[in-house]
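Pasting in a structure now, in structure tokens, and then I'll have a few things to ask.
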Amino acid sequence: MPKFIKKRSKKIGMPPGTLVHIGEKRSERTKIKVLEYDEVNFQERELENVEECFLFKNEPTVTWINVDGLHEVEILGKLGGCFGLHPLMMEDILNTDQRPKMEDYGEDLFIVLKVLSYDDRTGEISAEQVSLVLRSHALLSFGEKEGSGFASIQERIRGGKGRLRKMGVDYLAYTLLDIIVDNYFVILEKLGEKIEILEQKLVTNPTAQTLLKIQNLKREMLFLRKWIWPLREVLSGLERGESSRIQESTRFYLRDVYDHTIQVMDTIEIFREMLSGMLDIYLSSVNNRMNAVVKVLTIIATIFMPLTFLAGVYGMNFKHMPELEWQWSYPVIWLFMILIAVFMVISFRKKKWL
Amino acid sequence: MPKFIKKRSKKIGMPPGTLVHIGEKRSERTKIKVLEYDEVNFQERELENVEECFLFKNEPTVTWINVDGLHEVEILGKLGGCFGLHPLMMEDILNTDQRPKMEDYGEDLFIVLKVLSYDDRTGEISAEQVSLVLRSHALLSFGEKEGSGFASIQERIRGGKGRLRKMGVDYLAYTLLDIIVDNYFVILEKLGEKIEILEQKLVTNPTAQTLLKIQNLKREMLFLRKWIWPLREVLSGLERGESSRIQESTRFYLRDVYDHTIQVMDTIEIFREMLSGMLDIYLSSVNNRMNAVVKVLTIIATIFMPLTFLAGVYGMNFKHMPELEWQWSYPVIWLFMILIAVFMVISFRKKKWL
Amino acid sequence: MPKFIKKRSKKIGMPPGTLVHIGEKRSERTKIKVLEYDEVNFQERELENVEECFLFKNEPTVTWINVDGLHEVEILGKLGGCFGLHPLMMEDILNTDQRPKMEDYGEDLFIVLKVLSYDDRTGEISAEQVSLVLRSHALLSFGEKEGSGFASIQERIRGGKGRLRKMGVDYLAYTLLDIIVDNYFVILEKLGEKIEILEQKLVTNPTAQTLLKIQNLKREMLFLRKWIWPLREVLSGLERGESSRIQESTRFYLRDVYDHTIQVMDTIEIFREMLSGMLDIYLSSVNNRMNAVVKVLTIIATIFMPLTFLAGVYGMNFKHMPELEWQWSYPVIWLFMILIAVFMVISFRKKKWL
Amino acid sequence: MPKFIKKRSKKIGMPPGTLVHIGEKRSERTKIKVLEYDEVNFQERELENVEECFLFKNEPTVTWINVDGLHEVEILGKLGGCFGLHPLMMEDILNTDQRPKMEDYGEDLFIVLKVLSYDDRTGEISAEQVSLVLRSHALLSFGEKEGSGFASIQERIRGGKGRLRKMGVDYLAYTLLDIIVDNYFVILEKLGEKIEILEQKLVTNPTAQTLLKIQNLKREMLFLRKWIWPLREVLSGLERGESSRIQESTRFYLRDVYDHTIQVMDTIEIFREMLSGMLDIYLSSVNNRMNAVVKVLTIIATIFMPLTFLAGVYGMNFKHMPELEWQWSYPVIWLFMILIAVFMVISFRKKKWL
Amino acid sequence: MPKFIKKRSKKIGMPPGTLVHIGEKRSERTKIKVLEYDEVNFQERELENVEECFLFKNEPTVTWINVDGLHEVEILGKLGGCFGLHPLMMEDILNTDQRPKMEDYGEDLFIVLKVLSYDDRTGEISAEQVSLVLRSHALLSFGEKEGSGFASIQERIRGGKGRLRKMGVDYLAYTLLDIIVDNYFVILEKLGEKIEILEQKLVTNPTAQTLLKIQNLKREMLFLRKWIWPLREVLSGLERGESSRIQESTRFYLRDVYDHTIQVMDTIEIFREMLSGMLDIYLSSVNNRMNAVVKVLTIIATIFMPLTFLAGVYGMNFKHMPELEWQWSYPVIWLFMILIAVFMVISFRKKKWL
């Protein structure tokens, strides 16, 4: 349960804009990294002291300030103050229980979304919140822990080749969005494999455990949908050019990311329906097994009840039971009982119970 | 049932605008509290006599008139008359069976919504209706009982620090809405805990009682949805600036509350789907237990029916049954019967019934 | 079935505008009542002869012509002719199988809706069709039988107090709509009580009858929805001022009726979901009872089958069964059998079957 | 299956506009009937030779050309050529697997819809495709077989009375639509009766057959919906005046037909929900009957197992069983056994199993 | 699972526009065929060397370049470069996991859709991605393997008759779309036959296998919907003339294809509902069979338990059992037992269990 309802209650009654970190403490220290570049220049440094942020505030080059770790509220507060971020925006960055959204704060375009990761050991999905603030020459990105998968992008910037260095800050924002959405496909592949394994178990040997696993996967689909579905609107808004922060040329690329999100949603829907189908199969297989058990019972009872009755009859102590005296009674009765049993077995075979 | 269908029938046939209180009588007396403030001044008093309301009617400062208790219809009628509130508005304030809504009455903006509270003892949720009337310099708030959670806001006004004292009456209205919606998260946390406990019971020891609890929670979700869902429209209307009563600068804040409402709705939907999944698990666990019971029956019958038959055979009284005379018949037959039983047990183990 | 599919087939192939009464004949005679009023004057009379209608046609005061009983087609045809009502409108008035709708016929605004009534004896809901024709100074209302609940309004007009006498004909139309929609709440209260009773039965003693009652209530919800749902559109159309027949000042009041309709629909939806939940409870309680029955069977069989087998063994007639000769065999075997039985009972208690 | 997927595969790979008849051959010969009329004149003839069509092409009077039978592709091709119908339109007329639609081909308005008929013997519904081509002074109607129910309209035209002769060709088109939609009510009445009968069987004596019948009816509802649902759009398009072929005055009448279609759809939806409810009742009645069967088994076993055990005990052959010697043992044991049986029956009565 | 989630993960972290083939390698070599034609001229050649593409780039005639096989990334990269295709478009062409879509790249109109094929041996459906790039005088089509069903169109072009040679490149695009959509009907016919066979099995002899087949078909419907549903939007966009690449005259034809897509979707929905109905029938038939089994058990037990008890009674060894001595006891007891059995059978017949 704590997985998806974070304890917001500690914020109740505080005035809006109060900075409180809601979520797990995921990284040891808040790390601030600054990358500055244009087509020819490139500079990269770790910010030891948040007061130095003023240095990067008004550069004409593209400035990317990446913040990892959200629990050191004071440092983040200073950073926000330095760049003049709206208090509500700062509040949302720290409160990691947001749904994906895009908000236009005049000069700044604020985007919140979820980075998913899959723990191979536990088989669980976890979501980290990433917030982007896009302004004319700078992009601020805030993640809950180090290594949000942005390393490969920093590498591409350092490398200096490719389109990234030539384009503006909106293209950088697109690149971040693209890598986050691409990562969803990896998660879906993992889930797809899990479903496939579960499906085979369902046919060969379904147990009560299988049902719980199906339900767990269904629940994971719920959260995936919750985390990804609103992203559609965000991306379609960006692509339609609702914000002036996005240049015309970047829109083609955003349409591509939008497309991927749709595909992710399609796959989630299909997974959901597959899991529902698997639930039906599970339930009917439980019924089928009951059927098999009851059949065994019926077969045994139907064969042995008449026989036991017959044995009981000739165990009666009446004085005048002529059969008891006859020479061949005993073998005849055995024969008769065997015939009854054979007849029963044949009739079960006809009914396809055997 | 009375919980959600309040007896409106007593109003049938009355002309519109007739003031009748519909709902429980929740507080002893109607209490009217007046707070007047601007950035520098602050004044607070309890209104003993409703006729004094004229004093506060046309002040240029922000006036907040908070009314607790709705059953003293006469007093409320006078108050409404004093401020010239529309008869239909007064009717809706007293009829606590409204759905959340926003209505524009020209000068006045009328907002109805629900404050939820959770009774830790009974584990039940109850809803209280709160109505807000927003006009140029005054805000009237009407609640069913004392202590609607507005005390903390009054404290913030008294304290005099923060944005609240500097901003207009629309910001005050926002603050009230914010605290009400924030409170929904607390309710959801409580329900989340309940669901978690129920879920563990479902796996370890499901009873018919568990089913009723699941259904009760499902029903509570229905009411939560009924009480909260329409709020989305209200807030999105306010945020889009449909009413001139809301200043531009307050809209960012309303967007924030709107966002929270969406998150609350998302969580309710997820709870609903989780409860549906739990229902499936419950139903299949009932089937599984039946399966286990029938298996025991079948195992016992399958082992003992053939044996009993055999004992019956040698209980027959035929004169010519050679086996009866043999020396070792009895121990041999015991051995044979034990072999049959062992064979049965082994075959059950193979079928994984044991 | 006749309840909701009225035999329209008798109209097939007739040209449009042919007046045929479709529905039950509910009143003995068609009764036409005329009320004329403005703020000072008031006149009321029963129309014996439909030809007199010309007298009221062009009065400047508000004229309300209320018609009860729709089967005397000829009289209604004359009345329609006298007021120049469109043939299709007349056809719809007589065909009581309409869904609620509003139609603009230029000069006339035509509204059809359903008045519901609850038969306390049979517990059944029935719907009567009421049609309103609103023109500049007159309102014509057509009902299937006498006493459509409009008596209280006539009383208010006669009384002469209140807003009704001061306002125009559109306010009169609103008053009729208001009283009809208010009446829906009464029906819902009755149904709510029925559901509550059913729910208690469901927990204490569910029978196959309970299921049929749940299904019947579900079906009644279907019809309620069919009869009320389209009314939303009608009222929202009126409120938005789609017709010039409605004055600005009346719109606030229509918004209020619209609001009530939404509340009615909300409650119907909640009832529907409650009934679905009750169905689930019923079905699982059937399973639970089966479970209980099978448990009894298993317990009995598991205790007595081994014992009967044992008794069978010592009923065998082998010559050489040393136990038979021993002095204490019989009490020992009794003891042994009792021990087996006790052991079984204890193991059932552990499994919580007892 | 052939019922609703007609073999379109024979058309694959042909260029568009290729005329191929898809559907059953329903009538022996293609029959072309021409009616020409205005308020005063009336002329009617059977067209023996399709080349004569030129005679009727440009008449100022209303010309109705009714074609019955679609398999003589060549004749229809000539007719289409004579009137200059678009190749795609001709293709759709012959391909009787269309969904209802309206298409504007500039001069011509093309409407496709389904005429339903109910076979009283087999209880099956079949759909025939009717296409209408509406142009300035002519209406062409194409049906799959003779007697599409248009005979009564022809009679009304011949009769010369009524509105039909006075109005234009669009009113004629309306009349055809009206009679087709009115006919849907007849089909629904038949289905309603079938459902009613099925429902009674469900309560008195449900069999596996009943389930199949419910499913068959559900399926028929699917097809009805498929055939009628798109008609709503067609009629709402016509009514809103999307085509200039429809005169203002005819729109009131089309609104009426539109209304009927909505009512038909409402009824279909209600039938669908009723059938779903019946499915639930069926499934739970199967469970209930199982319950009853298992109860009988349990009662018999619970009564006779202890008694048989007791009889077995006194059938043991121990030498030292004092009871065997007593004078009154036998009647006492009988009494005891009867007491046990009576006690069991009473406890079953308490559990309401008997 | 690999069937529908293609391994996109190998692309993660690459900059956009990187050409990677995602999907199966379906054809040996990439084959490029060029057809040039207008009303009088026709030229056709296989392109051995991709550098020759410049020859066809700016011809005024209609140029159709058909590419079969997508895994030779380098060749396709060159082709794309030659025609100046946007990198994102090239990426989508190679990544065969797209959903059907239409994208406007200024000069180029980019359409992606799925060609379905049915393997008669395995009974499986597979989807191949086809991309179309439509520009002023050229159409480029990309398929995953040879023989995408376009051979018949090439034949029609070669033949030179018909509309195709006279019309522009947009009509060619329409022709390709038309043949692809027409092919869907063939797939549906195959699935319809499969459903029909399954349905008969369901009635005559349902097995656990039947359930799996139903679920498989349901899943196939999911994919069909995923592959076809978005096509509706594509075609409706084309038909409404959203792109200037489509001439007015071609729109009628596109409306026709759009219509077919709707029909395909209708049929898929009906298949889905039919399969759901079949699932219900399957589940209840499992229950019915269980019922039958339990009935047999109950009948046997109810007949033989009382009889065995009776035999047991007269097997007791009491000294004083007067019946044992009587002359006719034995035949009388037989008679009595037969009467009990007959009575039981009759009462089962009354209950309709036999």
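Going in written order, the chains are labelled A, B, C, D and E, and every chain counts its residues from 1.
Convention: contacts are C-beta pairs under 8 Å (C-beta built on N, C-alpha and C of every residue); 3 or more make two chains touch, one makes a residue touch a chain.
Not measured: the values here are computed from a predicted model.
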Study note, to complete from the structure: Ordered by label, the neighbours common to chain A and chain E are none
Check your understanding: When the C-alpha atoms of chain D and chain E are each averaged to a single point, how far apart are the two points in Å?
Key -> 26
Exercise for review: Mind pulling the residue numbers of chain D that touch at least two other chains?
Suggested key: 283, 287, 290, 294, 297, 301, 305, 308, 312, 315-317, 321
Review point. Think of each chain as a node with edges to the chains it touches; is that a line, ring, star, complete or other?
Key: ring
Exercise for review: Could you read off the chains around the ring in order, chain A leading and chain E following?
Suggested key: A, E, D, C, B
Review point. Which of the residues in chain A end up touching chain B in this complex?
Key: 1, 4-5, 7-9, 11-13, 15-17, 86, 88, 91-92, 97-99, 101, 103, 105, 208, 211-212, 215, 218-219, 222-223, 226, 279, 282-283, 286-287, 289-290, 293-294, 296-297, 300-301, 304-305, 307-308, 311-312, 314-317, 321, 323-330, 333
Point to revise | chain A partner contacts - residues on chain B that touch it in the complex | key: 152, 156, 162-164, 175, 178-179, 182-183, 185-186, 188-189, 192-193, 195-196, 203, 252-253, 255-256, 259, 262-263, 266-267, 270, 273-274, 277, 280-281, 283-285, 287-288, 290-291, 294-295, 297-298, 301-302, 305-306, 308-309, 312-313, 315-321, 353
